[in-house]
Every structure is written in structure tokens, then in C-alpha cells.
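Before any comments, here is the structure.
Note that the chains take the letters A, B and C in the order they are written out, and that residue 1 is the start of every chain.
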């Protein structure tokens, strides 16, 4: 079995506050995510899920508190990798082809042999035949595949997904769940926010419920998995 | 409360004294007559406005660095007060020019530069009205404010050089240049009085902004429930 | 050096995207042409008058066109939130600005240089002997427009009324560029053409000041 090309990484959120003006999107959130866990965040719109994920992705700075990545094995003293981030927005350019998009981001991240990597990922997400088509011409499901390919370019140890299955047809959801299963089983740490139960949420090993910017339930503390997700849309 | 009252009274005293001095203490200017007395308020306002804009720049830099809302309050207050004094400069200029030269406006380099600076800070305030979220508004306007202030000396130099290549009648001599001793003393006293007024207005405006910010926060919290 | 290679990669993307659709270039050129034609109705385009008013009107046209053309810069990155993807991928956020401002300078310069012969014909001014020097002036001036323009397009993308906001923020600030560029251009189009080193030096100084400011503060413009 080939050793993973990444070192398993946990995440530590320490007393995270995020304020927008006078409003707290997140308040005193402290969480420890172990390496390899697959966590699903549930909660109403505005409960802080997206904000927490964007802070973990380093796109947003917390108003207070810290977030840190904790490397498990392979202590080479390397600088922590960027996490892979997939959101509802595709984060790829409509005016470029699928291949051009992946090459662009691969080169920016300084990945060795970007062309080979782009090709490999296009094959893995099943888009090699459409590699030279502009993303503008893709369906929603295909765009998500490009988005995932982009997120996986640097073989991240941590993958963050913000409502990634929205707008996918059942076939798309199945494909996505399969892909996610593979990523989970390879030991990557996964955080995702979802709206309710599905094939995708069932992959999670832990569920956390957020409400008004605070953690209100956590399966690690004994809460019930199903009940956390059941009220997700309330 | 007592502090504010004292500051108000002192400022009032200084301004009245400066006005008195510019009318009764200073001798009549040889060529221009009584209208020249407006110079004391005109030029002193220009200095006070410039100081206010510098305070705004300082507040902007500090906000970007520290992200504490009080620097934002300082920035917007200083910009508004600076703009008020700059407006006085732009109004007293033509008031002076008309009786003396028969025209309301020449594109004299000082007035023109002041006009551009006025436009820059109007833009700063307009920008603020177009961003709803307070932290975003504070950050983006602070960054624009920094760029704007860096531009001010460039504006002055470019307009001045340009005017040396295309000379026009100069509306007013340099402040302090060719001023007789009494005039010079009254001028500096006017500058002091205008700065006192500037500080007073700044303090009051800052207080208002602080209260407004707090009300806003409360309203947002209430709406979110 | 990572900053330069990131900039090069992003610049490639900016140029490739624009040259594929050419929408910015074409609309900007047509806009400048329209202004140049409309201006001709406001004064008598004899040779003497053209020399007096032409350079200023040309640069005003460039400034107005630029303040419209610079809009899409960061707006485009909002459509699919590609800005977040860029922020995650680059090592230095300044690369994002650097690439866009180089691209914007290129676009501006291309439209200006293409407009120059048209202007020369319509206003009867001689440009052949001083063409390289004019391009130098256009280059320094365009950089001066592009630097704050790119910075402010990041600001206006996050505000309301952005179509009006960008010109509002940009135009007063560009007064020194307008003056310096107009003077330098006028000197080159005069009866005895001369290269005004001092104005060019001033433009270069303006460019350095704002490039430094953008380098220091750029990442805050992209913050969430």
C-alpha cells in the first residue's frame, strides 16, 4: 500500500469569534478535529457554518481566537499545506477550459509537473474528454467536478466543503458521495456543511450542530447523529 | 461635560479674539482695502483643514493596523471637519477675489489644488455611504483615505508646476509672505483660533460617531433576533 | 521568485481571457473614438487650436475610458468567487494586483496607441517624428492610471453604485497624471517638439509612490 502523499492533519479551533459590525457570526467556538475525521456541520442559514469553514480555509480572519492545523505523523517540519476548499461557487473561470483552469491553479501553487497533475485529476473526476471545453459550457454537476479537481491539486490533507452538493442531480450526488468516500478512506480530514441528510452526510464520522454562531451539539459529546442533521433545515 | 464646556468657551474666546484682531488690530492693507481682512480666516482655515486631513490619514493608518473602531470614528470625523474648513477656503477665496479683481474664480494654483483635495475627501465620504457593513466600510475607506492623502502633495506640486508654465493672475500672496509684523502675529493667532475650532468640532463629531456606532450595533443585534 | 512567477502566470490568464473575447479592448476603443469626435464639436479644430486643446482632450478621453474599463477587473473575480481560489493559491496576494495592473496597463496602452493615428488624422497633428516618445508618455501615464485604478476596482467591487463609484474615486486622484501627461504630450505635439523630462520624471515618481502603497496595503483590499 503506497504511503499517503500528505501527512494526516487535525484542526484546532480555539475560542473563535467572528464579528461583522456588531453582529457575531461565530461566538467562542472551540473545537478539536482529529486527523482523518469526517465531520458534518449542520445548522440553519446564518448559523455560522460557512464562516467557520472560510476561517479554516484561511480566507477569513477571525476577530478573536486562533485556528491551527495539527500535523500528525511525518514531522518534517514542513510548512502546513493549504486546505482544499469547495464551495457552492465553483471558484473556476468560465472563460477558460477545464484543463486551462487546472493548469493555472497548479502553476500558481508551484506544483511540480503541473500538466501531468492536471491530466491525472481530470481523469479521476471523469472530465478528460471535456478537458478542452470552456467551463461555461458545463452543467452544474460537471462544474462541481472541476471545482473538486481544483481543490485536490495540491493533494491536501484537509478538505473543506461548504454545501457542495447543492444543485446536483441524484446522479451527481452519488458520484460526489463516492469521491468523498475515497478521500475519507485515504485518511484525509474532511469538514463539510450540509443541509440535511443524504448519501453524503452518511459518510461523516462526526456531526456538529451550530446555532447562532455557537456549537450546540456534538456527536463526540454524545449527541445523536440523526437528530443533529434532522433539524438542519429548520 | 465640564471639559467640553471649557473647550467650547476657550475656542469661542479665541475665535472672537481673532475676528476682533483681524478687524481692529491689524492695519488696513494698502492695495486691496478692507476685503483683505478675510485673508486671516481664509488662510487659517486652509491650515486647519490640512491638519484635519492629516489627522484623518493618521486615523486611517491606525485603523488598518489595529482594526479598532475608534480609529475609524477619528478618520471620518477628521475628514468631515477638514472638508468643512476646506469649504470655507473655497468660499472665502471668491469672496476675496471678486471685489479686488472683478472675477469670482481664477484657477490659481492654491485654490485649484484645494478644490481637488476637496473632491478627494468628498469621494471618501461618498464611498462610506455606499458600503453598508461597518467593518468593511471602515477598512475600505481607510485604505482609500491613505491613497488620497498620499496624492495630496502630488496634486499640489503638479498644479503648481503647471501654473508656472501657464501663469495666471495670482489671487493671493503666500501666507506669511510679505506680511508686516502685526499682520504676521494676527495671522498666527488666527491659525491658532481655527485649530482650536477644528479640535472642538472634531471632538464633537467623534462623540456623535461613537454614539451612532453603538446605536447601529444595538439595532443589528435586535434585527438578528 | 514566487511573486514574479505567480504574476507571470496570472498575467497570462488575464491576457488570454481578454484576447479571446476582446470585449474590453473594443468597447474602450469605440468609447475613446466617440469622445474624440464629440469633443471636435466644442472648438474649432484648426491646427493651432488642436495643438492647444488636443492633448488635454485626448488624455481626458483616456481617463474616462479607463475609469470604465477598469471596472470589470475585480468584478469578474466575483462571478464564481475565483478571487477566493486565487487567494488560496498564490503565495503573495500582491501577485494578484501586480498581474491585473500590468494587464490593465497593456490594455490601456494598446487602445491609446491604436487611437493615436486616428486622433492625428482627425485633429491634424503631426505624430510621426515623435511616435516613440509619445508611446513613452502614454506608457508612464497608463501605469499611473492603472495602479490606483486597479486598487480602486477592488474597492468598488465591494460597494454599491460601482459604475459611478470607480470614476468618482479615481478621477480626482489622477489629477497629477492628467496634468503631467497632457503637458508632456503637448510638448511633443508642439511646433518644436520637445521631450519634457521633468514631467516624465514626475509621472515616474507618481507611479512609484502608488505602486509602493499598493504593495504595502494590497492584501487588505482583498480581505474578507
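The criterion applied here is as follows: a residue touches a chain if its C-beta (ideal position, glycine included) is under 8 Å from a C-beta of that chain, and two chains touch if they have at least 3 such contacts.
Keep in mind that this is a model prediction, so the values were computed, not measured.
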Chain nearest the global centroid, as defined over all protein CA atoms shown: C
Which of A-B and B-C has more C-beta contact pairs: B-C
Chain A-chain C separation of Cα centroids, rounded to whole Å: 39
Length of the line joining the C-alpha centres of chain B and chain C, rounded to whole Å: 31
Distance from chain B to chain A - Cα centre to Cα centre, in angstrom: 51
Contacts with 2+ other chains: residues of chain B: none
Junction residues of chain C - those touching two or more other chains: 223
Chain A - residues contacting chain C, complex: 54, 57-61, 82, 85, 87, 89-96, 100, 104-105, 107-110, 150
Residues of chain B that touch chain C when the two form their complex: 64, 116, 119-120, 123, 126-127, 130-132, 136, 139-140, 143-144, 146-148, 150-151, 154-155, 157-159, 161-162, 165
Sites on chain A touched by chain B in the complex: 19-23
Residues of chain B that touch chain A when the two form their complex: 133-135, 216-218, 220-221, 224
For the chain C and chain A complex, residues of the former touching the latter: 2, 5-6, 9-10, 13, 16-17, 20-21, 79-82, 84-91, 223-224
